[in-house]
Each structure stands twice: as structure tokens, then as C-alpha cells.
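First comes the structure, then the notes that go with it.
Which chain is which? They are A, B, C and D, in the order written, and residues in each are numbered from 1.
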Amino acid sequence: MQLIDVLELRVRYSETDQLGTFYNSRALEWFECGRTELMRKLGLPYTATEGKGVYLPLVESHVEYLGRARYDDLLIVASGWELFRRASMRFETNIRHASGGAPVVRGYTIHAFTDLTGKAIRPPAWLIEAMAKLPKSPSDNS
Amino acid sequence: MQLIDVLELRVRYSETDQLGTFYNSRALEWFECGRTELMRKLGLPYTATEGKGVYLPLVESHVEYLGRARYDDLLIVASGWELFRRASMRFETNIRHASGGAPVVRGYTIHAFTDLTGKAIRPPAWLIEAMAKLPKSPSDNS
Amino acid sequence: MQLIDVLELRVRYSETDQLGTFYNSRALEWFECGRTELMRKLGLPYTATEGKGVYLPLVESHVEYLGRARYDDLLIVASGWELFRRASMRFETNIRHASGGAPVVRGYTIHAFTDLTGKAIRPPAWLIEAMAKLPKSPSDNS
Amino acid sequence: MQLIDVLELRVRYSETDQLGTFYNSRALEWFECGRTELMRKLGLPYTATEGKGVYLPLVESHVEYLGRARYDDLLIVASGWELFRRASMRFETNIRHASGGAPVVRGYTIHAFTDLTGKAIRPPAWLIEAMAKLPKSPSDNS
């Protein structure tokens, strides 16, 4: 899957733990920041998606922890998405150090399409079309 | 204000930071746990309150940090409440170590009474009555 | 893998999100609570493990989201562990509703054995022995 | 106290709660982001401060909640600092909407000067000098 750089973020003090690196669950929060910025870049902000009555709750998440990141380190978040098994959506996210590029975490989240009550719905055509807009080249991420 | 012991909790690894003690914002999350258990003890669970269309959003919070608490330390949360300036509610919370009793944090939160949309409402009579039920003696907290 | 009930916890208000259920990353924080209580039950608290200079940083996490859980819902956390590919450790955790038993999340975390600096070490014999103590029957969890 | 704009941030989905606005403790995490960027702007990053063996643990925090902020809202964080009662430091932070400027939260945190073990130390001269560098005009914040 093609990923594009969507966001820079700094590790917050609140995100560290007593081992001195980021606490493991923060990776899922950063993945969410990546999804949000990816959708905005592709012209389909998630607020607008929810505004149209389409929700994307997680059904699965997977994270590989590849390296340390400390308080105030600047990280780059790269994300991509694709339709998955017809009725789901899969986001992939890689996070690396801005300085030097050493990997920090990578992983994916799988999402259902539901209405506000949590009932499964068909993936809307406009969302599938937006997914196809993901640029083919990683450098095409202005 | 009379406070009663309402909850024991252990410091989670996720709640520590790189200094090795709990991160400062966790105190407000523990205060919330104290409010929840206080209201349950007094027969008025907060879920029921929201169920009746009454919300208690924070308008102010104050925390004093009195001592360290480390991962896995067992803490005791003591809470109390009172009507404040007629149209608000004030919860007070003290947190101490279960072993030895050394103080960890103390503070208060002030809450408005609103409906779901955030519009201010009068404090309901049944809530004011429930507040008066707080036992006068700290040992009366079975 | 055999899992045993190790902990009850209530969903905190701070753990909900605007969809009204728990935010997805909280699952990893609850998994950590499960690991902590499992190790305590097996006589090897994680604080003691770190005290002996043995750290268990995550190398991988996986979560399946199976059902909703709302603020103040009481959940039961069941955990187990095993040696994994000789040099790693694998914890598995299932979380279900205390009332009715409906599943909420299940998943696993894989951990390296390291010293304080993050350097890989051999799994200590006393830790491998403790892992073997996990009861064979799920009801054997007093 | 003079405050300067130090940071823009977006409300994360993970920071919302079931009422649809940010959860109250997030304010303290955003205050920390403000302190971090203020110190960087004044040429004294907090990592460098800890690197010199000087720690600034919180002794008190105070937050006033002034307005709602929803998922993906863009906020502006303005921060300032001053020496407080000779042996402490006081940071003040205001957070408002980037669009329209409506206030969200304001408050302060009071910090001790300690060494790594938590023992109180005198405020270092280089830190007091850096504090005096805060520009007098709010527009002087390039």
C-alpha cells in the first residue's frame, strides 16, 4: 500500500512512561492523527464523513514497535488506506524520526462502515472514490 | 467539607511519565473516578443522572500535588460534594497512599448543571437532596 | 493458551470518546492492567521484575474490538502468558462484560526481555518457571 | 503576565469524551505542550533543562473551562512564565479557537525546582535570566 507523509508531531511529556520512551498505547493515538490528516489531504475530512452519517469504528488494530522515541522527539507520520474485503477499510501507518529517519512504529487498523447506532452499512461510493485518489508516488504529498 | 473513602486504585504503568511518578493530568482522571464512586454510594449513579438529562460539565479544576506515587502503588480516593453558589456543585477529592497514608494529591472540581446541549439548568431537587445524604462522619462509609 | 480472570475494572469517563464507547487505545492500557495483575497472582509482581533489572518492552500488539462498552460498565479482564519463540514472551488478554459476559476486546502483546538500557537479555530462569505456574483450568483463579 | 502564542494544535479524537467535547484532563496535557514550546522559543528547551539536572515538577494546577472544543478543532495555545515566591515558577496558559478566537481554557501551573531525586534546589541563574527574556508585547512572538 502507498503511504504518504501526512503529519509531524512531537512526543509529549504526557506520552512518556517510566521507561523514558513513549507508552505503547500512544501509537494508536498517533495512528488516529495520521488517519485524520490523510483524509483531510484527500479532501474528505473525517468530521465531514461523520457529518454524512458514516462512522468508521475500529474492528482490529496491530502495532509493531520498532524503536524508541523520547519526549520532544519530532516524528513523521505516513499513512495510506484501501478498501479491505469489500466491506471494511484498512489504514496503514508508519512513524519514523524526522531526524535520521529511524523507524519508531508501524501498523494498521481495520474499520467497519457503520451508521451512528453502530449498524453496518455499505461503503458509500464517494468514500471508495476518495480512497482511489491516494497518490501513487510517496513524493507526491504536497 | 466531609470526605468519605470511595475507591482504591492502583497507579497504572500508562499513568507514569519519564520522571517515574504519575503524570500530572492523571489526578483529574482519578478525581473523576472518585466522583463516580461517591455518587454510586449515595444512590445516585452519574449514569442515572445523565439518564435524566442532567449533565455536570466542569467549569473549574484545582489540584495540589503533595507526594509521589509510583507504578502499582495502591491509593485511596476520598471524595465529598456540596452545592456551591446555588447554581454550581463542588466536589472535593483527596488521594493518599493505602500503605502509610502519605498524601498524594488533593483538590476540587466545580461543575455547572446543564442539559445535553450545554444550556444551564437549575439544580434538580432530587440532586440537592442526594447531596445532603453525605454522612457526617468519615468512618461512616461502608 | 490458558487465561485466568485477574481483574475487574470500570470504564472511566476519561476513557470514552465522542462515539459514546471506549476509545480504541484504552484496550492496550487495560491489557497492561491485566498483565500486572496476572504477574501479581503468580507471585512475580512486575515491580519486582523491574527491580531485578529485567524489563519487558512491547515489540508487538494486536487488538480485536468485539463489542461496545460504555462509561461505568463493569468489565472482567482475563490474561495468560507463555514463552514465545524462545526469546520473547506473549501475553494474551480477553475482556468481557461482567454482566452477561458479552465480549469487548481480545488480543495479545509480545514482549522482549531487556535490561534497563533496552539491550536484549536471555529470559531469566525464574521468570520461565513462574510462567509455567499458570493454572491449567480457568476456574482455578482464586 | 505577558503570554505569547507558542503553538497550534488540533483536538484529537482520543481527547474527546462521550459529551462530544474534550475531556477535562486534556487541558493539563495541552498546558504542557505550551510550556514546552514557550521554553523552546526562549532558547531553553525543557530537554536541555532536564539535561542540566534541573526538573520542574508540578506543585499546583488550576484550569478554568471557558468553552467547548470539538474533535479536529484547531486551537491556539498562548503561554507565559514568571518566578513565583522566589523558589517556584509559574506558567500561565490560555487556549482559544484559531477560527474566531473564542476562549476554550485558561489556567496556570506552579512548579518547584528540584534535582532528579525530587530534592528542592535553588532556581538556577540561567533559568531566571531566560525567564526575563519573555517579550513584552504579545505580537512579538515570531
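The working rule: contacts are C-beta pairs under 8 Å (C-beta built on N, C-alpha and C of every residue); 3 or more make two chains touch, one makes a residue touch a chain.
Since the structure is predicted, the reported quantities are computational estimates derived from the model, not experimental observations.
Of all chains in the assembly, those touching chain C and also chain D are A, B. Looking at which positions face the partner, chain A and chain D present mostly the same ones, since more than half of the interface numbers are shared. Of all chains, D has its CA centroid at the greatest distance from the CA centroid of chain C. The mean-CA centres of chain A and chain B are about 35 angstrom from one another, to the nearest whole unit.
Centre-to-centre separation between chain A and chain D, using Cα means, comes to 28 Å. Once the centre of each chain is set as its mean CA position, chain B and chain D turn out to be 25 Å apart.
With touch defined as above, residues shared between interfaces to two or more other chains in chain D number as follows: 13-14, 19, 25, 28-29, 32, 71.
Residues of chain A that touch chain C in their complex: 19, 21, 24-29, 32, 55, 57-65, 68, 109, 118. Within the complex formed with chain D, the chain A residues making contact are 10, 12-14, 28-29, 32-33, 36, 45-47, 71-72.
Note for the complex: chain B touches chain A at residues 13-14, 16-20, 23, 25, 70-71.
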